[in-house]
Amino acid sequence: MPIRVTVWGENVHEQKNKAVAENYPKGMHGQIAALIGEDKNLVPTTVTLQDAEHGMTVEKLANTDVLVWWGHAAHGEVKDEIVERVVQRVWEGMGLIVLHSGHHSKVFKRLMGTPANLHWREAGERERIWVVNPGHPIARGLGPYFELENEEMYGEPFSVPEPLETIFVSWFQGGEVFRSGLTYRRGAGNIFYFRPGHETYPTYHDANVGKVLRNAVNWAYNPDNHAHLLKAPNTPVDKAIEHIVERGAKLTHHPK
Amino acid sequence: MPIRVTVWGENVHEQKNKAVAENYPKGMHGQIAALIGEDKNLVPTTVTLQDAEHGMTVEKLANTDVLVWWGHAAHGEVKDEIVERVVQRVWEGMGLIVLHSGHHSKVFKRLMGTPANLHWREAGERERIWVVNPGHPIARGLGPYFELENEEMYGEPFSVPEPLETIFVSWFQGGEVFRSGLTYRRGAGNIFYFRPGHETYPTYHDANVGKVLRNAVNWAYNPDNHAHLLKAPNTPVDKAIEHIVERGAKLTHHPK
Amino acid sequence: MPIRVTVWGENVHEQKNKAVAENYPKGMHGQIAALIGEDKNLVPTTVTLQDAEHGMTVEKLANTDVLVWWGHAAHGEVKDEIVERVVQRVWEGMGLIVLHSGHHSKVFKRLMGTPANLHWREAGERERIWVVNPGHPIARGLGPYFELENEEMYGEPFSVPEPLETIFVSWFQGGEVFRSGLTYRRGAGNIFYFRPGHETYPTYHDANVGKVLRNAVNWAYNPDNHAHLLKAPNTPVDKAIEHIVERGAKLTHHPK
Amino acid sequence: MPIRVTVWGENVHEQKNKAVAENYPKGMHGQIAALIGEDKNLVPTTVTLQDAEHGMTVEKLANTDVLVWWGHAAHGEVKDEIVERVVQRVWEGMGLIVLHSGHHSKVFKRLMGTPANLHWREAGERERIWVVNPGHPIARGLGPYFELENEEMYGEPFSVPEPLETIFVSWFQGGEVFRSGLTYRRGAGNIFYFRPGHETYPTYHDANVGKVLRNAVNWAYNPDNHAHLLKAPNTPVDKAIEHIVERGAKLTHHPK
């Protein structure tokens, strides 16, 4: 069954910065969607911050299997109620791929429960991304490492929770390292953080980056809806699986 | 060095429900503090929801090494700005022990990034808490299991992130199970969730529960402050550890 | 592409115990294979302890994508060299599903690095298996729990490493709990331990058990071979990715 | 209470290689013990491969709280029965710190259940060890990173299980990265793998390395003995916690 992928683009620097516009004439979201669409089972569409409800309408989210998120300059403009809506869909089982500066997006920080800080440098230096977990489906088809000749540096400590698994670790020319590919589950939703993707460099034209994105979407896909996780139901005494007799003091005289 | 423990109590049902008041004439927070104080290296104090700033002033938090949180009826009354203040202190390294219905506190849900739901029943049934990780410091001095003759049931799925380690799993008379002791780290802060503690039963008079609380406080204690994790600093090119030359297009003309 | 599944059966109690023979006239391996074969993309075959090289020839392993292992009475009869061969195939990427008393198989203990002990009772009591991680692919299609009216009890502590994820937790009528579904990766091989399956009860005729087995095989499947993980190669100085000059004292005068 | 630390040294290259002998006139074990002894609560002693039973007698192990292991050239000479004895003490609760080339020791591979391979280069290049988990007790007192001007390179993938937590990640001058500090628990024993320590360089004269070793020993210490984890006891029906009646067919006519 085809997987419905929505690429969320902030679409700000594409409009303001010549280098970004030249790298990504279709917008970063457009190029990210193009990379994902190389797998014919993946059906990408794009939305942007500027769309009504930032493109994250109830209907659009209901029809999204995996959401890919790139933002940088305008995290603060994303409305809190939309953030909650996205987060709830993740808990229900929608996959989420967070890219690069999206580490500071409200959605990602909300799901991590941490500041997701790091230190950084914009110098166009070399990044070498090592596969530390070659058997993981997100690393499928990659060599031992791949390089991006010009990238922004992100350095440790990256204040995120210990992941389920660490897939990639980056080496930077200026002397830093970074855990560049991390997996999480929140509720029924699979989450993958992938570091590269600074807007002034042609990262989303790189073949290995495309491979990682397609692998990640396939990995994150969960065909089922687990909306039941959004509730905390009472199981009354007379519905207990094993027979029990009520005892002791109660707050609730009748089961809620 | 003595560990400064602050016990946060909601102090609502103690005032409204006769059974709770009889169980806990000093308030639940008072009795929890008494259990913790049995270890002479632990110095507990108590604050409640009704205190100014819910007792969570900047100064009080600065002087708290480990915070213990019990709440149930009034999670919604805790102000969001106080929640953020508490969460930031956890990221800096303050330990946090979340008890029972505190699973639905704003502080805990904020740090987990999940709804922290479960299903439940108030019937005074038997709970048997099994130690599944006997080598963990939080299980020190316990037998293979201990029992609470009357407890509220919490049943799986408990929608929290996969923990660093699972310490306890509960068996309930009515047929359910629950992961009753879970560890996390968020930023530099150690977090322990411990299930038992329904207010209409005498749980915080149980010797094993006291042992777990004292173990947990000692485990969660982190003597250092890691406020640096709250920042995302730039490392300018001329301060790179390894010599590099700036290349490519930039968003920032001067390092921020 | 079809997934080649090999079911390894010990085939001892089927020959000696009337109840086992009646439950499993085709052998336990035969019935486990039948359950797996209900997914038409899975192609199960069976081998047994009594086969030459216990059925685990180099060729058979090379043609196995996922191995399912049931053993109990004769763990000690499995030759160490065969155990090493199986373990190496797991490291290369073969999936492994270990069932019930297979927790004490040489293969499982070798991969865990722990004794994999537990406590137990054979009394035909009720087991209720709760799904604690409903979003995991191994839990797909199950309800909140399922029951086996007669099973052997396994009780905690189960001395295995903290898993990647806990999928199931069992409730037992006699008062115990057990982490009944646990995932691991060793090298490139995905491993799932699944608790139920005592030979004197009809567990492998249960529809939910079948569903779990098929889900687990699909989850564990890794289409790639990572035999490179069995080597520790030298990267000589003149092949370093970044130019470096050899310095300091050496053990090795010439790169190995 | 003082912590009894045993440093196990292979003591082979100290006798054969001039550079090693000059770096470590007291043997590597002697210098590692000296670093550990700077914490007055730690009481280090040393044993070597050449001692009777490799110094790992039943008595010595019974009197060891934390074992530190350095080996390289002679892993194969360590007798299998001694390896099993050490591994069982770890399961009981003895801490274990494995250093550098000890990744290929029988003891470490036995406890990991993986080949623990990597790729390597002996070129005296610069290693920079980044703290990725600053709140962990093993990182206490360190800056954001520390450097070793000359070290052997170890490169990913390091085929070990996903750790409980990743503490350090190394940057190498020649372009590689490595997860240099990893924690595990096996049975009740805490295990820390720490990468640096090639014998031809003065690594164990470095102040930060000393700090890590002392932190790691304090972290790994477990005052309790959990020998019960080495057994898999039967709990007979008439000793079940909750009353149950035996049902169904049995393998065992009388409880074992």
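As written, the chains take the letters A, B, C and D, and residue 1 is the first residue of each chain.
The working rule: a contact is a pair of C-beta atoms (placed from the backbone, for glycine too) under 8 Å apart; a residue touches a chain by one contact, two chains touch by 3 or more.
Listed by chain with UniProt protein names: A, B, C, D = Trehalose utilization protein ThuA.
No experiment lies behind these values; they were computed from the predicted model shown.
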Most distant chain from chain A by Cα centroid: D
Separation of chain B from chain D, taking each centre as the mean of its C-alpha atoms, in whole Å: 31
Averaged-CA centre spacing for the pair chain C and chain B, given as whole angstrom: 36
CA centroid of chain A to CA centroid of chain B, Å: 27
Junction residues of chain B - those touching two or more other chains: 128, 133-134, 155, 157, 162, 164-165, 175-176, 185, 187, 229, 241
Touch-based graph of the chains, sorted into line, ring, star, complete or other: complete
Complex interface listing, chain B residues touching chain A: 13, 17, 19-20, 87, 91, 104, 110-115, 117-125, 150, 153, 155, 157, 159, 161-162, 164, 173-176, 184-187, 199-201, 229-237, 240-242, 244, 246-252, 255
Chain C-facing residues of chain A, complex: 93, 128, 133-137, 140, 164-165, 185, 187-190, 222-224, 226, 228-229, 241
Residues on chain B engaged by chain C in the complex (per definition of touch): 128, 130-134, 144, 155-158, 162, 164-166, 169-172, 175-177, 179
